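What follows is chain A paired twice: with chain B in the first complex and chain C in the second.
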Partner chain A sequence: MTDTVVAQQTPSPEAPKPERRQSWWKSDSAEPVRRNLGLVGVLVVLVIIGIVTRPELYGDATWVRNNIFTILQQASAIGVVTVGMTFVIIGGGIDLSVGAIIAVAGVWSTTLATQSYGAGGMIFTAIVVGVAVGLINGVLISYGRLVPFIATLAMMVAARGLAAQISGKQTQVSTNSTINGIATTKILGIPLLVIILGLVVAAGWVLLNRTTFGRRTVAIGGNPEAARLAGINVKLHTVFLYALSGLCCGIAALMLTSQATSAQAAMANLYELDAIAAAIIGGTLLSGGRGTIIGALFGVLVFSTITNLFAINNLSTEVQNMVKGGIIVAAVLVQQFRYKSLSNLLGRKTS
Partner chain B sequence: MTNLNRRRVLFGGAAVGAGALLSACTSNTPAENTQVNTNQDTEANPNAAPGQKVIIGFSAPAADHGWIAAITNNAKAQAQAYSDVEFRSVEAGADAAAQRAALSTLIAQKPNVIVLLPHDGKELNAAGLQAMQAGIPVVNLDRAFPDPKAYRLQIKGDNFGMGVAAGTYIGEQLKAKGVAKPIIGEIPGIDSLELTQERSAGFKQALATFGFTVANRRPAEFTADSGQRAASDLLQALPKMDAVWNHDDDQGIGVLAAVNQANRKEFFMVGGAGSKAAIDAITADNSVLKATVTYSPSMASSAISLARLIGQGKGMSDLVELQVPKEITLASETITKENAAKYAKLGF
Partner chain C sequence: MTTTVPQPRSDTDSPPPGEVVLQLTDVVKTFPGVRALDGVQLEVRAGEVHCLLGQNGAGKSTLIKVLAGVHHADEGTIVWQGQPFAPANPQAAMKAGIATIYQELDLVDDLSVAENAFLGHEDRRAGFVRRGQMARRTREILARLGHEHIPPRRMVRSLPAAGKQIVSMARALSHDAKLIVMDEPSAVLAHDEVGNLFRIIRDLTSHGIAVIYISHRLEEIREIGDRVTVLKDGRTTAANLPARTTPTRELVNRMTGRSIEYVFPPRVEPRDTETLLQVENLTREGEFADATLSVRAGEIVGIAGLVGSGRSELLETIFGARRADHGTVRMNGKRITSVGAAVRAGIGMAPEERKSQALLLDEPIFKNMTLSSFARFAKGGFTAAGDERAAAEKIAASLELRPRDVTRPVRTLSGGNQQKVVVGRWLVGDGRTRLLLLDEPTRGVDVGARAELYQVIHDLAADGVGVLLVSSEVPEVLGLADRVLVMREGHLIHESPAGDIDEATVLDLVMAGSLMEGEPA
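So, the complex of A and B:
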């Protein structure tokens, strides 16, 4: 089948065992690992800055543990969205409607009528609405031949409108204790929201790296025409990618609803930009065909840690936004520089 | 291929079923909660007697927030309570340009009075002037026109005063408790808005009279989920806190959720605006929320009443003047457990 062809084109990190360790380190397949180490380095630097600026807080072990969980919980909803976004971007698309999908799923699942069906009804509604909106995106892009940017931009506007229509522009309070409890529950001392994030990231990693679905996604993003000629149903696969992003938004909508114990049409404001930024600094190529789930997770964590660092030092959010912008630019610059120097290196070797 | 078809049929059937189930779930009719007071007693208030018919044109931004929604609902309900008022509302759309266009169509309809909550006072100033020059008195609601010629009456809330009220309440409470160096947090709304800056300035000045300062300030975006995030950050930054002022009760839903999630109780919180949920929580007295300072959308109801009087050429019966005054600024009141019952009907 075609899968084997694709698999040969994009070897997994373990496949080509080079003789010397250093050459694997420099090889193309080690690129994601090195990039992730770079992001871990950034995280370590941020924590060190935190320790230096607020030593009295970091001296307290309970506070540090709470702080780590706070950072992870703040990252949880956006992290789940970023997993879906990473798939879409690797597949050569973009989804600008994620924030709006969260709003419409959140609002729809917290109407009085839905809440009367209990937690099960709310979860069902959020997930199905998320997937359905994602499917509409996918069908418009695949079969309506709209450019992803335009289709999801239109959906961003329309879905916010629908959310405002359903909610009557009011904040809808969730009175369901099971849903609200998601944000307060801890399992073995770990907040449930963090566990959900972990599960979604793990599932995303397996789906991308260990299934034909993931390999096909990479193939389509790398070269859609080649993928089509290799026998992949590119259109149907693209629909699935947007539905997957919608599914992630539905899950995130529940997480946010639980955290805020309410939903409204203006919720998850600008999440699309945060998710795209996190995916990009995690090493996902905006043109598609390359990217990692773990990198995207680190991208989210870097942003979340910066927010935390600025909060504990009482610095203004204006400066914080400038720093965030700087980090995005720096990450892409580093990416390009590495990619160029790497291809130069490889080019010299082969010639 | 047949396999795939069967799968498609199954998926299709499931999708149709889910759709049918879901469309039933959009029904959402929460109890209408509007503030109407027409003081119908014609003996005590001769102004209440039906008079000359007044057509009131109304325009407010599309609501993305409970407060704006309450403004529109109040105006509509108050107008309906008068038998001699005809209410014509135009959707103001998403921005100042859309509202300008909506206003031209409204002016062309020649209403007797226009009640206008602009997207931005400065940007819509010219539209106010245009209506006034066309001979239609303009009641400028909340967001002020800089040019006094652009309005007949300006009725607005007091953002600076709101900050002062919150700061004074927090200062007095902490003084009474004898806290020497209190740690005070602040969660404003969208930080780039002028109204947020005015509120924060008032808060800062009021605290300064007690010798207190704000220890940390984390802005949210007037939404519950942003309030939750901002509050989580604030609680993390201040492991021990004495008081916090949250500018907006709508985002306060998220702030209170974050406080519960962090299981913190050592401080008290003051809200802002005066939503029904907040007043209920203050009455119940089972959360950290102990007070809220008003910025009440009831001003829209008052604006309609005054627009009617302007249209009929009457003054306010309690005042000596024969005409309605030119500027009214509502006082920001502090709602606590003691007086919450009185304010319950003003909550939105």
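So, the complex of A and C:
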């Protein structure tokens, strides 16, 4: 009901509005940009902490360059997964099975039988397995009417089991030099893994912001009933979203396999939590309908920079996890605060 | 207006009305943009059944919520049992002895009968609920209501609607209520259960408890009521009429009367055009049955009916959003069974609940307007935001949307302008939409925007678009439509040209044929 009052306060359409450009910074469309700058600020703070704690390392330009690539390489596989996760969450769902899908895709593509088909066979297998498992998720959710949380939770358990079954709980070493070479190849001095991450992020951005697929995703996440009544096939699109997440998992499986030159049933453990956390601190609304790919990327970078910060200071992963948890809480608190101050502002205007 | 009932009452178990327990004087309640209550007078006496009558939007629900402590009156006085009454919250109202039984019963399905009856004021000792004690007291109350057969430990979920209502009443009695407000209690009941409800009400009033009874069914008011207060546009238009003897004509007149709210553009009669929509024997079990209707190009067809009469469900089924059990929907001869097919065939719908069913509130206006057409603007899967924006700007101009800036989020718009966005969605793409289904198009829309929306609907019809409109406001249906259908309890019971029927007759048909014998329609 307060909307009425807000609209009454807006100037009549005839009135010229020369000030609009000036106030773009405060407008709603600038909101993701402001949020991303906030995350850049967090990154800067983390780097400053690094410089203060290990000044001797940061004095070495080569080390700094290599360390940046180390951070990006660590972020690469989880970043790819987060892009898929961001689509699923914007579309109003959640995918708890991403880590497990990576495990299945990883071990399936590194069985002796698959490896006998060479690098092409391994890539094909990882992608097809990822997409297929995602499709199963999507069909269960759309047409089996399972709650996404439950469906993907079940898949998380089942897919890990399948991965253990396929691998016989053994670590499967990849003997394929092409696959193993992905992690060590550099193009123009940039690691291939980082390039893959960049390509996936760019593709994800275009898909979300410039295609009908992205528009449908935002619509069904923001208001599924409105989307349905506008003639959008909500169920089919939901299936596509989980398949997309599965596709990202397949790509990530190859990247991780290449980094470790092996795959095992326990790989990508807890990736679902990292991916969800990165998407959320990147500004994706857990209830759907809003989120950005760039924000999600920054979310991933914040996490991998923290990991790196702890590594260069030789601190334990236990402390690291506690700090990660704190950052997630802090990010959500900041979001809520921002919303409250925004509505306060509107409220003041109306009264 | 006196309280005496001029005729002897046929049943003798109700005592004569006692002293005044509740007195409302000039009560005003405003919401942003709406004066929901604009000077309400109400006097309720102990032991009487006081009926509240009024059309949808007359302010009955707001009034109940003020009494229940959900809303707070802005102006006016409320005196309850000799004391000024301003409950801070529903618990305070309950404590003061005013219990409300809402139409959508506010019970917790997964708690037992006893737990529901004593919800919020459980019988406890040292923090532990005394389940045995509570069950015993619940059994006593149920016995008093004549329903000792309902086990106190039974889950409420497993009870039929009538049983749930009994539990709601048991809750009221567990608070030792002196006034029970019942909002359309008979709406959820079958015919024989209504008789039982009346027996309970008579028993309550014979113990000095006052009842405020809201119903759209005049015959019920005649049977159970003592006095009637009529509300219209948030004002009391008649107070304390005798329920039994006031002529129906007078009651209906008090409820209706021309309001400045409805300013209709002059109607251009549609030419004899081709039939667009053909609905035959459309049925959904439990919602509506055997609906047969048609809409021609350029024709406005209005369906009058109460909330819950099945009209929204009918509209959604025509649109393919609900699956029909029987019957067919054809648009230009083509069967419609899904929303996709309906949109492709040129049907558009503005659903009843704008915010939850139609809008992406955080998205800009133009993306909301192109929600059903962005794929048509797109080239090779890539959206064409510039083209979309241009198309939306054109529609915004023709609908006189305010603000005109289509990049603003829909959330910031007024109700009327949000509705224009929803209607505008189907106008994007120049004449693709041949038939518009409008469900309560002016709900929550202020007076000025209403008139503009009416003009938009007329202009569309003049352009040859067929319109099928549902509204619970009878004047709106009569003022807009060329042809009127009346829907009651899932059935289309009447059809006539809008010019051949008046508001009172429609209202009467809508409210279950309550014309008293000897009174001409």
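Annotations for the structure displayed:
Throughout what follows, the second predicted complex is superposed on the first by the 324 of 351 C-alpha atoms of A that agree within 3 Å, B and C clash if a C-alpha of one lies under 4 Å from a C-alpha of the other, contacts with A are read in each partner's own complex, and residues count from 1 in each chain.
Throughout what follows, contacts are C-beta pairs under 8 Å (C-beta built on N, C-alpha and C of every residue); 3 or more make two chains touch, one makes a residue touch a chain.
Since the model is a prediction, treat every value here as computed from it, not as a measurement.
Looking at the shared chain after the overlay, A:A268 reaches chain B, while chain C stays out of its contact range. Counting the residues of chain A touched by each of chain B and chain C gives the higher count for B. In the overlay built on the shared chain, the residue A:K169 is in contact with chain B alone; chain C does not reach it. In the superposition on chain A, contact of A:A311 is made with chain B only, not with chain C. Shared interface residues of chain A, touching chain B in one complex and chain C in the other, do not exist.
Residue ranges on chain B touching chain A, taken from their complex, read 15, 18-19, 22, 24-30, 62-66, 68-69, 191, 215-219, 221-229, 232-234, 236-237, 239, 250, 253-254, 256-258, 260-262, 277. Residues 1-8, 10-13, 17, 20, 28-29, 210-215, 218-219, 222-223, 225-233, 289-290, 350 of chain A are the ones touching chain C in the complex. Within the complex, the chain A residues that touch chain B are 57, 60, 63, 66-67, 70, 73-74, 108, 111-114, 117, 121, 124-125, 128-129, 132, 164, 166-173, 180, 183-184, 256, 259-269, 307-308, 311-314, 316-318.
Note for the complex: chain C touches chain A at residues 31-34, 319, 321, 339-340, 342-344, 349, 351, 356-364, 367, 371-372, 374-375, 378, 381-383, 402-405, 407-409, 411-415, 417-418, 425, 444, 446.
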